[in-house]
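The first chain written gets the first letter, and so on, giving A, B and C; residue counts start at 1 in each chain.
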C-alpha cells in the first residue's frame, strides 16, 4: 500500500507526454478496434430532427456552413447527418456561410457525395451561394432579397439559370435555417432570420459552445441543437445510420473516462502528499 | 425586430442604462471620488512586465481573434498600457493580430507608447504583425512565436475561441507568467485552468479605468455597476411581481414573439 | 439606395474620384492643428456611430432605412479591403527575413512557398483550368481537371488536415490542463469537480446507459439519471450564471460604446485622437 501511495504522490508530477500518450491510445484504439456503443437521442437533438422532418415541400432549407476545417471533426458529421435527412425527405437547400469561406466548399463537397446516392443535382436540388461577409446587416439584406445580395452563385452562374433559385427570392421562401458552427455566429441569425423574418433556427455546434446555446433554446429562439459530436451521433441514431458521429463518440467516451480517472488519481496523490504520514513516503 | 418597439421595455432600458453610465461620467468629471474595488489580476500586470524585464525576454500580447468591435478596442487600449510599462524598461512587446485594421491601430498605439517613454528606438514595427485571419493558422503562428521568442510573460485580452487553451498551455509549458481577460464566457474556464490570473466578466471593461484612474473611465465603470444593480433589482422585482402585474404591464415587459 | 453603376468608364471615374477625394480629406486633416483635428474626428465619429442606433430607434421605416443596404455594402467593402493589407504585411515581414537570411528564414521560405503555390493554383483552376492541361468533357461526370485536382490536393489534403490537426491538439491540452488544475483544495473546487464529472459522464453512453440507465424514467428517482442531472445543471445553474455574466458584459460593452462614440475613450487612440 505504501508503494502505491508513493507512486500516487509521484504521479502528480508525471511528465505530460505520458498523459498525451494515454489520450492518443484512448482515442485511437476504439476506432481501430471498431467498438460500438448505443446512443440515446436527447431532447435538443430530437427537436432538431423534428424541425427538419416538418420542412414543407414548397420551401427550402438554408444551410449555414459557418465552420472551417478546424472544427470539421464535429461540424462535419452533424452536417452530413442533416444533409442525409434532407435528401431522404427530398428537400431542397441552399448553402452559404457568414464567417467561413471554407465552410461552403466543405458543405458542397458533402452535398455532392451524399447527393450521388439520392440522385441530387446541383442547380435543381441544391445551390451553393457562397461566402457572405458583412455580418448581420448583409444577412438582413439577403433575407429581404436573395437575388440582390447574390446575383450569382459561387460558380458565377446567374441565379436565373438555376432552376431551384427561381422559387427562392427572400426569407419567406426559407422554412428553416440550419447553422453549423464552432463560433458565436448565432446572434446574427437570431437578429435577422428569427426576429425579423420569423424563420426557425437549429444549430449544430462544437461541444465547447453548447452551454452558450441553452439560453436561446429556453427563449425559443432556437428550436433544436446538435451538441457536438454527440449530437451528430444522436442524429445518426435517429436516422438509423452508423456514421462518423457514432464511431467518433466511442472514442470520446473512452477519453472522458480516462480524464475522470486521471483527475481522481491526481487528487488522491495530492491528498496523500498532504498527510503528515506522507513525510515518510 | 427591424426597428425598436417602444411599446416594450427594451429600448427604454437601453436609454436608461446609457443615462446611468452618463451620470457616472458626469459625477466623476465634476470631481466626485468614485471607488473601484481591487482587481488582483490587473495588479499583477506590472509584476508580469517586471518579470519579463528581469529575464531579458519579450512580452507577448494577443488581442484575440480581433474583429472591429468593442472588446478589441478595449484589448488595444490594454496593449497600450502594457507597452508603456515595458517601454520604461526598454523591453519588447510582441502583438500578433488576425485583422489588419487592428494591425494598423495596434502599431500606432504601441509606437506612440514607446515614443512617450523615450524608447522609440526599441519599438520594432515587425513586432506588431498580421499572422492569419484563420483561427488555427493564427494559433499555430502564435505558439511558434512563443517558442522561438521564449516569451516571459503573456497577456491574452480580447475575443477568443477554441484556440485559447492551445495558447495558454504553450505559455504554461514555457513557464511564462500569464494574465488573461475575455468577454468570451466559454473560454474563461480554460484561461482559469492554464493562466496565473484571469479577469472575469465585466472586470474586462474596468481594466483601463483601473490602470489609468482617469476620472471619465472610473465614472463610466461606476455607472456600469449602478446599471447592473438596477438591472438585477428590476429583473428580480419583475419576476416576483409578474403574478400581480396587470396584463398591459406584462406585455410591456415581455419580448414580442 | 445606391444603384450599381453598369458603365465601366463611369464606375472607373467614380473610383478614381473617390480616391482623390479621400486623399484630399486626409491631406486637409493633416494640415489642421491637432486640437482642431481631434474635434473634427470626434464629430465624424459621433455622426458615423449614430447611424445604426438612430435608424433602429426610430420605430418605423425612416429616412435612414433606404441607406441600410448601401451601408451594409460599405461594410463588406471594408472587410474585403483588409485582405490586401494583411498580405502586404506578411510579405514585408517574411521578405525581410529572407533577404537578411535570419535564423527564421526557413519558416519564411515555407510561408512564401505555400502562399505562392496556393495563389497560382487557385487562380489558374478558377480562371484558366485548361492552361497546359486538357479540358474535362461535360459528359465525364466525376472527372476533374489537373488544376482542380491540384487545388483540392492542397486545400482539402493539406490545409484541412493541418487545421484539424491544430484543433486536435486541444484534446491533449484539455486533459493535461484538467489534470494539472482540477485539484480539490476548497469547497468550490469540490463542487466544480462533482458537476464536471456528472456532465462528462452524461455526455457519453458509459454514463447514460450503464451507470444510471437502469433507473426507470417514470420513477420518483428519475431525476438521478445522469442525463437529467446534467441537463438540469446546464440549464438551471450554468445557463442563468452565464446569462448574468453576459448581462454584465453587455452593460460594459454599452458603456464602452458610449465612450467611443463620444470620443471619451482615448486609451486606444493615437495622441488622444
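Observations, loosely collected:
Heads up, the rule we're going with is that a residue touches a chain if its C-beta (ideal position, glycine included) is under 8 Å from a C-beta of that chain, and two chains touch if they have at least 3 such contacts.
Owing to the predicted nature of the structure, the values given are computational and were not obtained by experimental measurement.
Of all chains displayed, C has the C-alpha centre closest to the centre of the whole protein C-alpha set. The interface holding more C-beta pairs in contact, when A-B is weighed against B-C, is B-C. Averaging Cα atoms per chain gives one point for each, and the point farthest from that of subunit B is the centre of A.
Centre-to-centre, using mean CA coordinates, subunit B is 17 Å away from subunit C. Separating the CA-averaged centres of subunit A and subunit B is a span of 29 Å. Shared contact sites, meaning residues of subunit B that touch two or more other chains, fall at 134, 136, 162, 185. Residues of subunit A found to touch two or more other chains are 16, 68, 70-71, 211-212. Within subunit C, residues 162-163, 166-167, 174, 176, 178, 180, 182, 242 each touch two or more of the remaining chains. For subunit C in complex with subunit B, the residues that touch the partner chain are 55-62, 78, 82-83, 85-86, 89-90, 92-93, 96, 104, 107, 162-163, 166-167, 169-170, 173-174, 176-178, 180-182, 242, 245-249, 251-260, 264-265, 267-271. The touching residues of subunit C, counted against subunit A in their complex, run 68-69, 71-73, 75-76, 79-80, 155-156, 159-164, 166-168, 171-172, 174-176, 178-180, 182-185, 193, 197, 200-201, 203-206, 208-209, 227, 231, 234-235, 238-239, 242-243. Residues 3-6, 11, 14, 17-18, 21-22, 25, 70-71, 73-74, 76-77, 80-81, 99-101, 103-105, 108-109, 112, 126, 129-130, 133-134, 136-137, 139-140, 144, 148, 162-163, 165-166, 168-169, 172, 183, 185, 190, 192-194, 200-202, 204-206, 208, 212, 214, 216-217, 220-221, 223-224, 227-228, 231 of subunit B touch subunit C in their complex. On subunit A, the positions that touch subunit C within their shared complex are 16, 19-20, 23-24, 27, 37-40, 42-43, 68-73, 102, 105-106, 109, 133-135, 137-138, 140-141, 148, 207, 210-212, 214-215, 218, 228, 230, 249, 252-253, 255-260, 262-263, 266-267, 270. Contacts from subunit A toward subunit B in the complex involve residues 16, 68, 70-71, 182-184, 195-196, 206, 208-209, 211-212, 219-220.
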